[in-house]
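In the two assemblies presented below, chain A is common to both, partnered first by chain B and then by chain C.
Here is the complex of A and B:
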């Protein structure tokens, strides 16, 4: 059990990807269903509803981003894979903000996008306002991403 | 940087000139006509809904004819058409086309009638084909399928539900009715889901045999005719051939109208314009020989318009200033750099008449923040060049779209700038390509610093907060400016200066504590703690005492406490600017991820090809998703953090009576 560090690190990367990715999949899926409904009535709104559908997609990408950073820091993508169990756990901890904030914010952003799609199907000129409301939800995913990223950047420098 | 001054315009002219004046106004597009209320019996309003309906219908007719023609002569279209805008049409062509209205509309009606008859004929063909299909199994029957028997015999022509043999049918019948009468059975045809039979018995046994047959699932055929099936099929086929010929003829006929396709398109626009004109006519009041009209006109166009109308149409035109307590339709005027951002302001709300137009200040922050979030020189160049080409190539682009494209051009320039500052060009593409394919150590140096390296991210975070504080303070400053301009300088002290003191002092104090040293890397001397503390205390005191002014003492005290509590919202507002860092890093790191994936295939030609593919797909994806993110979150910072400090909005946009067409842009000079 000498290499427990890399196990924890990889677990962190996996959590960030699959939790945030799951959230985005749910959110994008919901928005996609609503978007198809609008398209059935008015295909010319494709561009607009597509943007709404894409809004909850970012959390999955943030998760991927943090996971990729962790993978490269723990040496899975080449480099030295010998990291201590403590550092491994630190990476695991660093992945948690984006994993969970990503999961839940993407689901709720998806709900919000569905409502936004409803808005522009009736009032296409209110696009600017309608798109801002789901973006509010994303704030918390961004904050989580920031903390996850700052942590991952700075863990290698810690003297442990 | 300002809301344009409007004037009221009153026009009075002879009714005979009404049409010409309305058309001139529509072409100039400078006046928003407001509905006039009338009094007394002399004035009358004109009810035009009937004419409007008529014109809308004509427009729909032409539109339909145009669509039909497009089916045979499709217009060339490409992805880039959205930038192209409407086609230009000169005055001469316009009048030539208008003279041909009757002829074109007759042709449009013809085309629609031809198309309708074609679709009816197609429906008939489908009907006949169905009949033929159900007659085919009966083809070998040499009598009419309506045959029910002679005087002394009863005949049954129909189907049984499964493919059966002669013996099976006899067996089933005898099972159902052991003492069945004598009968003659003939199998006409057997298909995979039914058996066509002909049965004959003596007339007196008709009911007995029918019962027995029905018990084993006998049904009469759906399609019958008085001729034999073979004859009937032949007639039907003849009819189908005839219809097909007629359809081909109709198609040829429609194709003769090829040259009219664009004219139908024109007519759609023409009747839309006329319908518009008539809906505006309802806003005027008329006497027997004259009419009156009132509207808003931008001051800069007013005098020229007045001269034009009075000289050309002998109209009496009167210009008047609008009283200060009255709202006016809002039109903005900004410098070329700020003008594109007007559309962002518009999605939030137009300012009111005497409100500060924040477009100019917002534009500066807008471009900076967008650039910081998109933050890649390569992406910025792609965006700026693409938008630049679009602007140069498509001269007729619609005004609204042109604004957006210009805005993204400036955003692209700013993105390039920040990319150079951060040393990001398609992520770390330069380094990766050098290492993978040329075994060289290439660098794309950062002008400022690379935020991904070491503790640079913390430094940049501090700068993001700094930009945020500046942004918020500018917002507050505008609020103060408005208060002073409205003659309430004390409001500026209570609501703006107090917050400057509290937030600014608090930040000074924080920076001189050890707590933040690890983040900022420096501390201010202790004297700043005292200064900051005093400023913050004074600010808090002002807020406590005055934010509830105008209420009863108890309520005022509670409102004061709530006002001080508002400091938390400033904290969250400032922290919100951390997205500048987060999204900037996200762009850079995702770009690096794609470069790394691309370089995994190693050097050599195969590696280079695969790298190019991954590079193109990956960076396209990244540009798409991060440009969207940067756009949305730049808007958010403006709308929530910035506008929240001072902006009210709620103005109505200036909507002049003008030519609103779908396909053609008719040039000014007509």
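Here is the complex of A and C:
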């Protein structure tokens, strides 16, 4: 049980990827279903609905980014893999904001994108306004990413 | 697991663009002739491939389009059976009367029921009631017995009409959709009110009225029946204390005005479905909107065919969904 630090660190990286990625998959999937419905009636709207579909994809990318950072800090991608259990737990804690905020924000952004797709299918000229609404959900994923990154960058400097 | 209608609703949103708006209705009203109306509707995509369709064929094709679209959008049409029961019970009425009067019912059946009209006729003819779907079985037996024993066509009609309203309400409750439940409730309540007024005018007995009225949540049918057995003012008085209080003025003008009030109330109640992205509501609202549109077009076309003036038609037209 000497290597608990790396176990916790890896668990953090896995959570960030898994939960944020799951949220994005659900969100992109839902928006994709609605986009297909619109395209079945009007294929000319492909470009517009694709943007709506891609909006919830970013949380998965944020999770991946945080996971990469954690993997490099705990030495899985090279360097010294000997970190303390406390630091490992700190990396695990650092992954939680993007893991959970990513999961829930991507699902709700997907729902919001579906509604936006409905709006532009009837009023294509309202694309600008319709895209702003699901984009607002992104704010909370960005805030979570910011906290996760700040934590991951500053953990190595802590005297523990 | 609750069914997800995201794909279907997205397609319906695009389809809503081709629903007739008030402007289209005004254009139809302003058309100089029946032929010009048909041409306008044809340009709007009404009717089938045949360019020489008359109004009845065109509107029949439009009703079929609604159901072929719904079949495309969802693999289970049963939540929409409420909208198809009217055709089923119409076909049942035709079949029962055709069998007892020994006439050929071909051409009299409606096409969009849950069971083919010819099959209903065959089942009634062979007295094989078990072949019929659950909602038609008992009313079919009851109506046949009543017609054979009494020869009273009106009694047969009230048995079938009441069974239709009961079946609609019970199926609507199963659907779990607010819009479908509202549709069934409003249909039953408006039918009850119209029946009560008609019974009062023709001096029917309380027993007959009670037998004719279908139960519904927004009306106390016992009180309505008692009022109908007394006078029109009693009916108005009873309705004034219900959610149909605003309908009393329309009812005083004419039954047609009351029907218009009911249709407008329904259209007004389904408008929030325009912003619902996931549930069955927008599909049900689309069916109601299309039926409303077909009703409006039928009214305009028959008026144009009979050279009625636009102002008279305009008064009878309902609000549109879009």
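The criterion applied here is as follows: the second predicted complex is superposed on the first by the 160 of 160 C-alpha atoms of A that agree within 3 Å, B and C clash if a C-alpha of one lies under 4 Å from a C-alpha of the other, contacts with A are read in each partner's own complex, and residues count from 1 in each chain.
One rule holds for everything that comes next: a residue touches a chain if its C-beta (ideal position, glycine included) is under 8 Å from a C-beta of that chain, and two chains touch if they have at least 3 such contacts.
Because the structure is predicted, anything quoted here is derived from the model rather than measured.
Enquirer: Give one word, clash or fit, describing how chain B and chain C relate on chain A after superposing.
Expert: With chain A aligned, chain B clears chain C, so fit.
Enquirer: On the A-aligned overlay, A:136 touches which partner chain: chain B = first, chain C = second, or both, or neither?
Expert: A:136: touches chain B, not chain C.
Enquirer: Between chain B (first) and chain C (second), which does A:73 come into contact with in this model arrangement: first, second, both, or neither?
Expert: The answer is neither, since A:73 touches no partner chain.
Enquirer: So, does A:149 touch the first partner chain B, the second partner chain C, both, or neither?
Expert: In the superposition, A:149 contacts chain B only.
Enquirer: Given the touch rule stated above, what does A:157 touch, chain B (first), chain C (second), both, or neither?
Expert: After superposition on chain A, A:157 lies in contact with chain B alone.
Enquirer: Applying the touch criterion given at the start, work out whether A:58 contacts chain B, chain C, both or neither, answering first, second, both or neither.
Expert: Touch partner of A:58: chain B, not chain C.
Enquirer: Using the superposition described at the top, determine whether chain B or chain C touches more residues of chain A.
Expert: B
Enquirer: Can you pull out the angle centred on chain A between the C-alpha centres of chain B and chain C, to the nearest 10°?
Expert: The three centres form an angle at chain A of 50 degrees.
Enquirer: Scan A:36 for contacts with chain B and chain C and give back first, second, both or neither.
Expert: second
Enquirer: Does chain B (first) or chain C (second) touch A:115, or do both, or does neither?
Expert: Only chain C; A:115 stays clear of chain B.
Enquirer: May I ask you to decide whether A:87 touches chain B, chain C, both, or neither, giving the answer as first, second, both or neither?
Expert: neither
Enquirer: Just chain B (first), just chain C (second), both, or neither: which does A:128 touch?
Expert: Touch partner of A:128: chain B, not chain C.
Enquirer: Across all Cα pairs of chain B and chain C, what is the smallest distance in the superposition, given in whole Å?
Expert: So the smallest C-alpha to C-alpha spacing between these two chains is 9 Å.
Enquirer: Give me the intersection of chain A's contacts with chain B and its contacts with chain C, in residue numbers.
Expert: No residue of chain A touches both chain B and chain C.
Enquirer: What residues on chain A touch chain C, complex-wise?
Expert: Touching chain C: residues 30, 33-38, 40-42, 111, 114-115, 117-118, 121-122 of chain A.
Enquirer: Help me check something: in the complex, which residues belonging to chain C touch chain A?
Expert: The touching residues are 4, 6-11, 13-17, 275, 277-278.
Enquirer: List the residues on chain B that touch chain A in their complex, please.
Expert: It is residues 344, 346-348, 452, 454-455, 457-458, 461, 575-576, 578-579, 581-583, 585-586, 589-590, 593, 596, 625, 628-629, 632-633, 635-636, 639-640 of chain B that touch chain A.
Enquirer: Considering only the defined contacts, which chain A positions touch chain B in the complex?
Expert: My answer: residues 51, 54-55, 57-58, 61-62, 64-65, 68-69, 72, 77, 127-129, 131-132, 135-136, 138-139, 142-143, 145-146, 149-150, 153-154, 157.
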